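The block underneath contains the structure these notes are about, expressed in structure tokens.
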């Protein structure tokens, strides 16, 4: 009986359509054609949105350059500019040839992608996706570059940069973002996910991008050692950067870039939750900046510019994982905690670990990245609940503070562990090898002379008379 | 009878739909579903457009920083960078907690909004709207910061900044943009609008943002006094800024930002009139720059860089109110007049009023903002006329030069008066109180030493040897 | 019979629609209405996309300024900033008044446009198109400004700039992009196109924008002569620029701008091929940068920063014409060749031609622009083939390496010839006249003093003590 | 031939304007200025960087050099001393150095005529 | 022991190259260069800022210092004078200052041997 | 009245810290520092710009000036020499210049008391 009705329906429709089609060309649009057009526009909107978001993230490389240049001495400026510049262009080529395939190619054992190298067989949708992912890829290496600035061998850095974009970043990325059933940290078939019962969540990469960069930087800083003159009798000596205007311009460019970084990470120009994502992003960043400023004000009686700028970045890094899964107030709390982590982390690194990280990259990207992952386990509202009623891309279950129990927090902690073990461990090995083969550090003479002269035979500002030490 | 037909119609449709739904899933798209999807895409396009526009406006804070830094001395650079940076982050937090509610919350007496504090109950549409409005909100304070640069107490400025974003800006904003029936300057029920017979129009904020900032700056400059050495025997002494490259980069960033500032202010990604708006914006800015350059060329024999840059900004500020309501040629005329105002205004402030405004903020934002409001009353074409045939958001009636008589001009003049009384008056009182409680100005010694050292214990460019005076 | 069926169909539909319309307002959406809405959204998406792309291209003027400033001496910085700044604002006004009409107005003989001056009769679609084209227009003049930096008379440059935007650029542009049937290089009715049998293709302006700028610069550099001290006994003496940070920031801003420059040039926000375009763009740029860096590394033992930055730009310029018509690997090859051209071109200009081009504009824009046009003839896949199956705006036929034979290569070579003859020839004449009437070059005394003081009575960085020579 | 001396004063940068103007008015327009950094009885100032304080003990100073004949030395010293004076530590010092010969490049004049 | 002198020349910055090369060719490669600002008979230049003119009376100059034994002083003066000469006001001055001792840090050599 | 001298040392910039601290410890906190460029036996360094090499023969140096009474001169020379020493070419030189008068601006004290 139903079948009959169906057939009659089909018949009726076909008749209708024939009649319509015949009757007048002006009226010849079917709902199905419209639906296809609508889908076309939706796709086009996603393309446009992601391309622009990619542009903003690409521009972040200018931001990183300026922050690093500003917070270091002018005798190493050309070298830092070149390192950051080559990082992007190497990133483009290597992520095209290898990185994307490793990250998003056909899954092998939940651990690594295995095809689509050189973007073989790409179409416009893939190019769009690649471009957005590519601009993220070089970021990890750039973070490392900042932390190791003013004493690292240029050639060794370039080789490291290739490996970062080809291997370190995309393999961890595969575990989280590949969408493979077995993807180590997020796939339904992954033993870890099965054991804990819930998938890990890292919206735009507090872990994938920032922690990976931050803990790789930790390995690098450890192995390359402190700059000459940084520690005297075990006490850290301030080495002021040469241009605060560049540092602040860079920071604001980075904040702008985060609009694309997080906003684009819904990967869908039609997902209204990009608004929640972006609002949370800026609330957390602002809270971080204010917090760090207040702490420095209390500690030394004067609000510190470069740490306040770090505070903004810390808040932004931290909220990058949870931004699509939490309320506004939680974003602010996350930002405040990030601001505290920035101050405490920078001091801890310098005073306790005796690490020399000129730009604070380890605290900003490493520690705040981990805090970001953890915060998902605390503040996640859960898809379908409250403001996330219609959300598509957020942490699925509620976190600890929203009655979701400990599971989400647990898997997030596992993710934190993975970033540390993977990024720190692998980078440590790579830097060790690079040190043996190429030499990780320039000579003391070259360092004192400045890497601009020793590595590039140039001065960044040849006309200004400036003190060498 | 009609009722019967309706019922038969409904029945037919329901039958049709059931048949269609049953017949084939592939064919199961109704025009209504399509219409809903289309609306979804339209909304998504608005979201995307406004988020990007917001990003560009956010980036204007980098522009303001660079212009202010560039036109002042290097001994105050870190302080200016911090002030502008904290202005944005404070703006984000305060406009979230208070400002938005005061501006767009439920209207009380046409004067003030009263709910939605902390964005209570927000959804994606509201977050989208908030984000766009938020990036505007901190601008007023930033304008003030520039005019009072090089001698204002950091703490007093921060407190002022909070009040600007929480009270001064959003209350005036409520009068113009809240959409409330009784909104003082635009609501149909407002006694002023009723009296004059037409609503005021301020497209993107020549008045709301720029005049408010400019006249607040006037109050501040008056109370804080001139920088040491600015006037000698009643004659203004030039105090050159330390970096023209920053000033020009900042100016170009501001111009870029205006694309979002004005373009986004249709608040609708589907409104084709964003094109007219943006074209008028850039025409006016260009006309302003050329005009000011020519005037300085004639006056001193050499085209002046920083005033020419001010000329561009003056044109942009002026056209911000009328840009959606006028023809191209009118935009150019408005820009030319703005360029004249810039030169005349800067000279008048310095020579006659003996005001010390290092960056020309009062002329750029105050005077040109007022000219922008007035120009609406002169050049408005009126919705439905000529090129505005399909316009949705423009001044409703024609202005004086388009046969609309004096009413529009009148209400625009009332708006100008309101900006002056409100911004100058309230800021004057606030600065007076701040001066009594915290102290508005640093000590002469601190000023001479530079605010970088006195307020932050830092130098912006510690490696460059530079003269202190 | 068919007619009857049609009539019955129409009748049925009308009945249906009446019934639907009567039955319920909520259901009153026809597929035709939806189709119209969809078209509206598609148009709106194009508007939004092109406005944003325009913004990015506009921002390139900041990039050009910074690169030029960074690679020259600080005593000419204010002058360079002013020149670039006035180029944009003059560009806006002149392209509005004249340029657009000459380029896109009603065609006369395939050579020139003849109406739409002052954008007479413009609607939103035209404003949108104008804005996008306008931001391209001033680029040519800016290129010239860089090559002739540090010794050219300001007034003469401004006059040249007007002519560039009013005549030189738009006439050549008319031949390629006007869409006129007779358009010299692309119209089906053009004698050249007829003779060769295929239209020339220049996607986003390797020729129209870059070669025209580059070969105009060649004429200017030839006539204005080398900077004092550039050649000693026929040997080129390096004159280092004063700020590499600005040069690199500028380069990254330019790269960002290219996203809009090439991505926007599909002129359709719904064309998915913008993704291919942008991916190819960045691949070529990256390949160019790496190539030039490696060459300098091999040649002098140290990787050269400013030439590597030029390498990126060379790759971007070259791929601007072919980016929508080629595969990824071809983009990389094109970039590599561009990187070689940059090094060889800069050396050839300096060592052989004894030309003094401080920023490398002739090699970057002239030579790489030509290579870009030629590469279309080699690597074009052809519309409808392979990845270009659905492409709308690409070179129509395959190039030499894709079995398309020699025709496409031939017409591309003709286009190269046209850019050289037209831009070099006309600019040569114009500069000659300007030299006679105004004087193209400042006096030796003014040049030694620096153009900042002589042309503007200002120093860009008055506080820094710096050597004059 | 009158003996000649270079009066070399290290002063606070912000006093330069006054010193310069005073010298001009008193008929000594010619001078040379050098940006220097100095340390004397004056303790350095405490600066901070990323939350850590450190002492900058070399403070920016301005060196003013005026070459005159012996009879003008005392007048110049008085002038500089009175205009550069603030009474606070760090006001600086004046050193007087003998000059053997002075030549004006443009004219080749020597010594007294060259001043 | 030959007496030693420091020849201190204040010249136009753009003449530095020539002076430096001339000294080198004449066998006096060793010298020290300082960026200074100076005022002499030469009037300052008028600059402008935001539409207002003002006079900058301290112009950038370069100080060249060469320490030599007495017998070389005149030669150096001649050399500098002839190469730094433009004939225009502002060409600068040369001051000759007695030096008591010279020490080469690297070797500890003194006086004549240290030069 | 004890004779006074200015000990003027041209040293490598990166040695400034050590020299400064050594002087301080030895009881000579007062000094003046000037950024200079110099050329001596040391060849310049080869730099490059846009693929072309060129020689910068004026290298950044730091001039340290300490004015003391005659009896301290030798001690200061020794101190500077030992701390500024690297043994490589370019270590610099020390010049000792007689000083006629010293005045402390703040107090008006002269000569020995002013040091």
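Letters are used for the chains, namely A, B, C, D, E and F, taken in the order the chains are written, and counting of residues starts over at 1 for each.
The rule is simple: a contact is a pair of C-beta atoms (placed from the backbone, for glycine too) under 8 Å apart; a residue touches a chain by one contact, two chains touch by 3 or more.
Treat the numbers as computed from the prediction; the structure is a model and nothing was measured.
S.K.: Could you work out which pair in A-D, A-F or C-F copies the interface of B-D, where over half of the contact pairs coincide by residue number?
M.R.: Having compared contact pairs by residue number, the answer is A-F.
S.K.: Averaged over CA atoms, how far is the centre of chain B from the centre of chain C? Could you give it in whole Å?
M.R.: The mean C-alpha positions of chain B and chain C differ by 32 Å.
S.K.: Could you tell me the distance, in whole angstrom, between the mean C-alpha positions of chain A and chain E?
M.R.: Inter-chain centre distance comes to 56 Å.
S.K.: Using CA atom averages as chain centres, what separation in Å is found between chain E and chain F?
M.R.: 18
S.K.: Would you pick out the residues of chain E that each touch at least 2 other chains?
M.R.: Residues 34-35, 37, 47-49, 53, 97-98.
S.K.: Specify, in ascending order, the residues of chain C that touch 2 or more different other chains.
M.R.: 31, 34, 38, 41, 45, 48, 52, 240, 243, 300, 302, 304, 456-459, 464-467 - these are the residues of chain C that touch more than one other chain.
S.K.: Per the touch rule above, enumerate the chain pairs that touch, sorted by label.
M.R.: Result for touching pairs of chains: A-B, A-C, A-D, A-F, B-C, B-D, B-E, C-E, C-F, D-E, D-F, E-F.
S.K.: Once bound in the complex, which stretches of chain A touch chain D?
M.R.: Counting only chain A, the residues touching chain D are 236-241, 296, 299-300, 302, 304, 306-307, 343, 346-347, 350, 360.
S.K.: Residues of chain E touching chain B in their complex?
M.R.: Touch list, chain E to chain B: 47-54.
S.K.: Would you mind writing out the residues of chain C in touch with chain A in their complex?
M.R.: Against chain A, chain C makes touches at 2, 5-10, 12-13, 31-32, 34-35, 38, 41-42, 45, 48-49, 52, 56, 73-74, 240, 242-245, 248-249, 251-253, 255-256, 259-260, 263, 269-276, 278-279, 282-283, 285-287, 289-290, 293, 300, 302-305, 308-309, 312, 328-329, 332, 387, 464-467.
S.K.: Can you list the residues on chain F that touch chain D in the complex?
M.R.: It is residues 6, 20, 29-35, 67, 97-106, 108, 114 of chain F that touch chain D.
S.K.: Sort out for me which residues of chain F touch chain E in the complex.
M.R.: 5, 9-11, 34-41, 57-58, 61, 63, 73, 77, 80-81, 84-89, 91-98
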